[in-house]
Amino acid sequence: MDPIERLIIAFERFPGIGPRQARRFVSFLLSQNNAARNDIADSIRALGSATATCSRCHRWFLKNTGVGSTCAVCADPKRDAGVLMVVEKEADIDNVERGGYRGLYFVLGGTAPLAEEHPEKYIRMRELFSRVESDIAAGALKEIILGLSATTEGDHTRLLLHEELRPRIETNSVVVSTLGRGLSTGSELEYADPETIAQALQGRK
Amino acid sequence: MDPIERLIIAFERFPGIGPRQARRFVSFLLSQNNAARNDIADSIRALGSATATCSRCHRWFLKNTGVGSTCAVCADPKRDAGVLMVVEKEADIDNVERGGYRGLYFVLGGTAPLAEEHPEKYIRMRELFSRVESDIAAGALKEIILGLSATTEGDHTRLLLHEELRPRIETNSVVVSTLGRGLSTGSELEYADPETIAQALQGRK
Amino acid sequence: MDPIERLIIAFERFPGIGPRQARRFVSFLLSQNNAARNDIADSIRALGSATATCSRCHRWFLKNTGVGSTCAVCADPKRDAGVLMVVEKEADIDNVERGGYRGLYFVLGGTAPLAEEHPEKYIRMRELFSRVESDIAAGALKEIILGLSATTEGDHTRLLLHEELRPRIETNSVVVSTLGRGLSTGSELEYADPETIAQALQGRK
Amino acid sequence: MDPIERLIIAFERFPGIGPRQARRFVSFLLSQNNAARNDIADSIRALGSATATCSRCHRWFLKNTGVGSTCAVCADPKRDAGVLMVVEKEADIDNVERGGYRGLYFVLGGTAPLAEEHPEKYIRMRELFSRVESDIAAGALKEIILGLSATTEGDHTRLLLHEELRPRIETNSVVVSTLGRGLSTGSELEYADPETIAQALQGRK
């Protein structure tokens, strides 16, 4: 297969990109000079050697920003080691940081499919449990926040993790919490769905 | 002015309708026969005599569905008279009902403009305070829920009412609460705005 | 049925309006005072007595703008009586006028359904043919422009009328023409569909 | 700068990609393994050596699909060498091919900016003129189609090329044509803009 076809297929796998835009990307690259193209190719190639997966939270990070096999957040002694937020993916961390969270993270790598007997094949459950156990052993952990999306898959994963985490933490004083549900900023009461209304009522204060 | 121009201007004031669609509405009415047009005209005319404003919650209701000057909800003895939800407009009530709320309502008639010294010209503040006072005198009221939208105007109105209600309820055991804020159903953590994240964190449980 | 329900059903039949917006329209009307509501009702009622259908082009018009049973355009001696444009509906006329057309019109009242043996039940075919015959008898007609939309139904109606009109005009010097097809203003070559490209190529000049 | 930042900046320059999606692309690449990333990098790098710019129409093409320095279309003896279509960019060619065009092409490389004294710095004007001259000398050229978009920039470029080409072809029997303008497939008369209506009227047949 020629490089144009190979690239169209590769770009079609990029998030949110269809065949037409994949083709436009290749046209765009062809309209660039060799130096610009090689610079992109070199950067893509360098991702592998410049990044690593954090041994604690399992996110990827730039090697020169972390400490050994640990990312900057996990290595930061000023973060609150008593709170561990379980998130689906790296991009969630950026957003939670903007919300002012100062605890630590664990990246699941996705959500558990709805009718799947072996969710551990899809999300880092075993890695999460061993992380929680070692944190408990270290005496620091006070709360695990299940920072999952308010979607069907997120809800399913939340219930699953709740059930699995409870026996592992019950003899300790660790609590498992979930993010508050209700009206999100900017939403009008008239257009909120019934479930959100019910949760906003339940979570009133 | 001819009836076509008068109607275009009237339809342009309908919620969400621009000049083009107002014109299409008139074209549509012109394509109907006289009987169909007169039926619509009669129904619009009948709204006034068939409906009334509830003396307790200030929503409009069909006279034959209420009890005297009171709407069906306010007249229903099975509703929880201990909880009063203050909402912006009638349409909010339909939605809150779908969320399973079983208390009573008060319709403000809008939100307070941001830089306005006389908000009572825009929302039924005086009517709300006298309603609250009579409810307190009747001994039933336990909680006032400020059921306002999570918008800038909603937040402003919430603060304003909170401030004004406090001195009126402080010697009693009435509490003022607000709807829970956080992730609304279906929203993903990655795309939630920082304020919603902050409130979801604050409201975790 | 109460006037609120009757109106919701009526508004749902307005072009582009769904159940939710129909309900909002009624809420809006209920929030108005009696005088405003009665004004709208009167205007709707007046549409019937204030308007008439033009005996020549079949569009509706305000009686006080026309001359007897004829609308202002059909009665205007400065319009070019040699050109007759057949359009689907009244709203098309407004748009064609903006394009600078100075001939006369005939309103079909829609398009012919695709697999329908009696298209004359859906569009004013008989009225069109008798209009064309009387125009030919009067000696004025030189061209009939089929001003139909570039849609499947428009194309079907165009073919149908072409076929039916030909025997009626062939012994005279009247021509039947159709609107030019090609790139519409603002469209980019890259995104034009193949048929438009083919027609733009065919119609190049 | 690290490869992540370099790539985000590079992806932001891709057509239609903003900062958020550029970031998601990098996250996606980081979630791939080294082999997948290297495959993309190799393909991008190979674009330069696998493609060339056609010496006749100035489009890029895969070296193994053309004949020497000429792309497959320019080298195809079955194409009609009497017709030359001037297009803005490569992607236009794919679309024009779908419309059934069988002549040859010339890729301008863009449109001329509106208030620019030196348009030749933006589009291949000199290359176009020398191509036209050599085609005329070869005795084949009969028509130049200005296949530009129906946009302001396209119209401007069309006028500019028309003016510049006329003195170069007037002593020969070569004509300069432009693509037909009018209703594009699927468009309704009611919503067509006045200019399109005017051109559809002008181009009727």
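Here the chain labels run A, B, C and D in written order, and each chain numbers its own residues starting at 1.
Everything that follows uses one rule, which is that a residue touches a chain if its C-beta (ideal position, glycine included) is under 8 Å from a C-beta of that chain, and two chains touch if they have at least 3 such contacts.
Keep in mind that this is a model prediction, so the values were computed, not measured.
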Interface sides of subunit C and subunit D: same vs different residues, half threshold: same
Far-end chain from subunit A, centres as C-alpha averages: C
Chain centre separation (subunit A, subunit D; CA means) in Å: 42
Rounded Å distance between subunit A and subunit C, as computed from the means of their C-alpha atoms: 56
Junction residues of subunit A, two or more chains touched: 89, 91
Chains that touch, pairwise: A-B, A-D, B-C, C-D
Residue ranges of subunit A touching subunit D (in the complex, touch as defined): 2-4, 6-7, 10, 13-16, 21, 23-31, 34, 37-48, 50-51, 60, 62, 64, 89-91
In the complex, subunit B residues that touch subunit A: 87-89, 91-92, 95-96, 98-101, 145, 147-151, 154, 177-205
